[in-house]
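Consider the two complexes below, in which subunit A is the common component and subunit B and subunit C are the respective partners.
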Partner chain A sequence: MSAVYAVAGLEVHAGDRAIVRGVDFAIAAGECVALVGASGSGKSQTCLAPFGLSPLRAMGSARLCGEELVGADEARLRRLRAAHTGFVFQQPLTALTPHLRIGRQLDEAWRQAGAPRPDRRDLVALMARVGLDRGDEWLDQYPHRLSGGQRQRVMIAAAIAHGPRLLVADEPTTALDAGLRRDVMALIARLRREEGLALLLVSHDLPAVAEHADRVVVLEEGHVAEAGDAARIFAEPRADYTRALIAASPRLTDPPPDLPLAGGTLLEARGVAVSFPRPGWRRGRIAAVAGVSIGLGRGEGLAIVGGSGSGKSTLGRAIARIGPADAGAVRWQGRDLPPRKAMRPGDRRLIQPVFQDPVASLDPQWRVADIIAEPLRHLRPGLDAAARDEAVARAIAEVELEPAIARRRPATLSGGQAQRVAIARALVAEPEMLLLDEATSALDVLVAGRVLDLLARLQRARGLAILFISHDLAVARRLCGRIAVMDGGRIVEEGDMEAVIRTPCHPVTRALVAASA
Partner chain B sequence: MRALILRRLLTALPTLLAVVILSFLLMKVAPGGPFDSERALDPATEAALARAYGLDLPLHEQVWRYLLRVAQGDFGPSLVYRDFTVTDLVAQGLPVSLTLGALALVAALAIGIGAGLFAAARAGRPVDHAIMLAMTLLTALPSFVTGPVLALVFALWLGWLPVSGWGDGRPAFLVLPVIALALPVAGAIAKLTRAGLATALAQDHVRTARARGLSPLRVLVRHALRPALVPVASYLGPAAAGLLTGAVVIETVFALPGLGGYFVQGALNRDYPLVLAVVILYAALILLFNLIADLAYGWLDPRIRG
Partner chain C sequence: MKAARLPVLLLGLVILAAIVGPMLLPWRHDAIDWNAVRVPPGSPGHPLGTDMVGRDLLARSLAGTRITLLVAAAAAGVSLLIGVAWGAVAGWKGGRIDEAMMRIVDGLYALPFMFVVILLMVLFGRSILLVFLGIGAVEWLTMARVVRGQVLALRERPFVLAAEAAGARAPAIMIGHILPNLAGIAIAYLLLTIPQVVMIESFLSFLGLGVQEPLTSLGILVKEGADDMDVAPHALLLPGGILVTILICLTLIGEDLRDRLA
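And then the complex of A and B:
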């Protein structure tokens, strides 16, 4: 069978520099080829540049349904994109046009290859094919009314509306939480079977790739580290880089990690409730967290796991006393811990947070040394400059960064370096507990794996208690012996991590376990 | 939506009230009065006039009486154009000024958005830079310069259009004043549109639209333009204010019988009722434009509607 899409000796150039070199693969109808690699490996560029959807230039050869894309002029590329390809991008929040109703966008996609205007029934049927019943209602909605998973389904519906032969999915599940990832990948797989689509998948979700791809191309900094049959690559990877990639994505089938023993009760939260005003005028309040009680021992790792909107971040912030709380009490070793503003200055060091977006949580105007030193200025004002510099240098060494990084600014740091700086900033305060709010979710697999290793070492060396907020059970398991599963602002299941993984009781827990299996 | 409009109209009232009281007091603080002239009136006459118009009352009483009358729709007599009430004068000038202002706003939006789109479609090329330079110049040039230059070129030299006057509202007479008034605002709108488009074109949903193989023009107009116009909508309020003040100058330059002339004469002559009426009118127009801008946001980006 001839290939729908075939790439040979493909290069991607930024100016004179080749950032991707020597990529070959071919996808026949009904097949799936996956491009995997860490961020910056050039996998997205490899997938988008030949279609003229990147500012970078493709060289070599990329043939779509027998027609050469490389070197084709803009009008021809446009025609080939419109006729034969559907695209699904990473960010369902921003990839749909915010001011056009869902129906208008699907209508546009339906007609992109020249089909006559669809009637409403056609569009409702299209929505049903991607698992959106009640499509009739959604057609008149603007994208922001839909949840992330629904939006990604609409994206997929738009991508297949004109009957393409090739589906290009660039990290289609990365921005979704663990449960949704599975559903969306299953949907793409079903459509591929039903429509005989050739699928080009870019992903760093290796378990999903292992499940769905026929062949895999592993990209390492712009060149092919390894390519071949997916089953073979996951069973016996040949390149070190592939092995590192596979080892870096934790799975629930891995043996349980060796965690430090928990000490006596450190923190106890009782009846914590948080609500926010509904958007708009006089529409009441939404309960984000509804009366949650939870405790944490010295040196213990507790995972709070749940889907987006389950209230896990809000709960974490309320417990750490950095976010609002309407009701409830937090006790630290038996005495009351008031909200941060009313806290005794000495107590402010006790709990330190690290957030999801490493670059956004550092002030872009400041140098790394000043960022790390800032907590010292407030928590230990007596410290002189020399002692402060020394503490900063120690913290930088502790998170395994080069001393020279102290003089740089956040914009020049990679995601992993920035997150290590954020961890160093938390450590200089000499905390006894860390609040890690999706602290590795925005990082690339390899980088996230190394940051998790670092956190595990710190947890043991410093006897740190960790409140780990995550949507990914397998990641949380690396640091936490206990788990609380949240849904709709309440804890629906709580207990020993391994026991919960073995015998999940609540449906939400079961879905989370299935998603990370 | 209806709640928003209602709320805005309710909050507009106190704002208007504050504007009226403040202008009233400011007028009184300024030295001089409506009956001062080179030749001093005899004190008895002056006292009689002051009593007749209530100018001898304590200040707060004057404000109160004024507000009471305005609330009944009576803006009082003009102190300078005897025989006329302020309402007569406004009724005479307002249609001219409104026609001028509305047409200028439409022209400014058309020219500005058109130029911004055109430049963005050719981003980075010489045409783009040339258009943006021209638009910067237009914003910088005051209308009392562009007005006479336009009149000189198109009326005196080329003879295509009349130099000045109202001509009973015939379109030919309006072309030059409308354009002179619109150009500075058009320049600002063009720059906002161009900058907004540059941001919008870099967004993910535009890549989705391009992936669909749509023509560049369609991507630009259908997927990028509306989000790009949000800053333009924010500028509508200040633009309305600019057009109103600009109109005062333009009406003088082109000898149009609009409100602007009365406003200037009224202020110079301390014709309190006339000036206050015009101030109330202008303030109300600006509040109206801010409301329109808020409604425009909701249309441009449904996420703002919630």
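And then the complex of A and C:
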């Protein structure tokens, strides 16, 4: 069977520098080839540049249905793209035009290769193919009325509307909730099977790749680290880089990690409730957290897991007293923590947060040394400058950064370095509990794996209690022996991590477990 | 950066000329040379000629530029102070206080400002203080809105939450984290406010309601030049040209800064 899309000796150049070199692969109808690698490995450029969808220049050869893409002029590229390929991108909201109805956008996609105008029945049938029932109603809606998962389905419908032979999916599930990822990948796999589509998948979601891809190309900083049969690569990876990638994405099938034993009760939150006013005068309030109680032992890790909008971050902030709280008490070793405005330095020391976005966590105007010293200045004002510098240097060493980093500004740090600085800032306060709010989800796979290792080491060495807020069960499991699953502002399931993973009861938990399996 | 280099240079030249020029010239802006009334440009001692009562046009134009820039800087400074304070408090407090404060801003926006200033002039007599007050009372509104939006966004940023967890109190967060991070935007909008203030001042002076003789401003000079434009067009073109240069330069610099910071 001849290949739908075949790439040989592909290079991608930025100016006169090659950022990707020597990539070869071929995809036949019904097959899936996946490009994997850490961010900056060039996997997206490898995927987009031959189609003229990137400002960078492709060299070598990329043949789509027998026609050469490299060197083709803009008009020819557009014709080939329109005729044979469909694209699904990461951001389902920005990829749909906000002021056009869904039906109109699908109609456009349908006709891009010169097909006659579809009638409404065709479009409803198209919606049904991507698993959207009641397509007739959705056709008249604007994109903002759809949920993230529905939008991604509409994107896929638009991508296959004109009957392409190749589907290019660039991180199609990265922006979606854990539960939705599996559904969208299953949909893409079904279309591939039923319609004989060739699929070029770019992803850093290795479990999904292992499940769906026939062949895998592993990219490391622009060159192919390893390529071959997917089953073989995941079973016995040959390149060190591939092994590191696989080891860095935790999976629920891994053996349970060895966690430190929990001590006596440290923190007890009872009936925590948070609501936000709707915008405008007297429009009522929305309950984000509706009366949640949790407990945490000394040195224990508790995972709060749930989809986006489940209230898990709001709960974490209310407990750490850095967010609003309407009701509920937080007891710390038998005494009540005062409300947010009345927290004294001694209370503040106990719980320190680390947030998701490492760059936004650091004030861009400050130097790293000042950022890390900030808790010292407020919590231990008696400390002189020399002692403060020494504490900062100790914290920098503890998070495994170079001492020279102290003089730099956040804009010059990589994501992993910035997150380590944020962890160092939390550590200098000498906390007894860390609030980790999706602390590794914005980081690249390899970097996230190393930051998780660092956190696990700190947890053991300092006997830190950890409240780990995450949408990813497998990541949370590395640090936490207990889990609370949140949905709609309430805890729907709670218990021992391994037991919950083995026998999830609530549908939300089952979806989360399935998504991380 | 490149796009704004020429406007910065030109504006610098105008400001320098307005400060240094009057010190170097032999004529003061209000000195009358009885031997040279209404002489054309190029006359000895008066390179750009004199006006109908024999005052040196170059000296008057530079003095007028000085007054116009002073009024503009002062009014813009007032608008910066009120606007940043008002916007920062509204954005930081949030909720009802924010709603109420911003509705006041909306209300002030709705006033027919020029009409109010003219009424004030008629009631209390002409004074440069009233010009300041009138202009300052309106020009801080946009600044307040911009600053409030920035503070609302900054307040939820993780580094502000981390500062709170680090034990920083509201004033420390305000001074250490919020103000430095909105300074860039505030300065950009300040530069966009100044041209508007220059316009208003010139307009009031043109109507005879602003700066009073023998003091002069670009607006007055433009008016005098316009009265005489059929016989002495240069008397309109010089102050008019300076005014247009200032306005265009400030707007270009401000927009460039805003685009790079926003």
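Some observations on this one:
In the analysis below, the second predicted complex is superposed on the first by the 511 of 517 C-alpha atoms of A that agree within 3 Å, B and C clash if a C-alpha of one lies under 4 Å from a C-alpha of the other, contacts with A are read in each partner's own complex, and residues count from 1 in each chain.
Please note the rule applied: contacts are C-beta pairs under 8 Å (C-beta built on N, C-alpha and C of every residue); 3 or more make two chains touch, one makes a residue touch a chain.
Please read these numbers as outputs of a predicted model, since none were measured by experiment.
Once the two complexes are overlaid through subunit A, subunit B and subunit C clash, as defined at the top of the document.
In the superposed pair of complexes, A:His99 makes contact with subunit B only, with no contact to subunit C. In the superposition on chain A, A:Glu374 contacts subunit C only, with no contact to subunit B.
By the document's definition of touching, neither partner reaches A:Arg232: not subunit B, not subunit C. Judged by the touch definition given at the top, the superposed model places A:Arg79 against subunit B, while subunit C stays out of reach.
Of the two partner chains placed around the shared chain by superposition, subunit B is the only one that A:Phe87 touches, whereas subunit C remains out of contact.
When both complexes are overlaid on chain A, the residue A:Asp357 reaches subunit C alone and has no touch with subunit B. Touch criterion met: A:Arg425 reaches subunit C, while subunit B stays clear of it.
When the two complexes are laid over each other on chain A, subunit A has residues 281 in contact with both subunit B and subunit C.
Partner subunit A is touched in their complex by these residues of subunit B: 3, 7, 203-205, 207-215, 222-223, 226-227, 299-303, 306. Put simply, subunit A touches subunit C in their complex at residues 277, 281, 317, 320, 322-323, 343, 345, 348-349, 351-353, 355-357, 360-365, 374-375, 378-379, 422, 425-426, 429. On the side of subunit A, the complex with subunit B involves touching residues 51, 53, 78-83, 85, 87, 89, 91, 94-100, 108-109, 112-113, 142, 144, 155, 158, 279-281.
Within the complex formed with subunit A, the subunit C residues making contact are 95, 99, 157-159, 161-169, 172, 176-177, 180-181.
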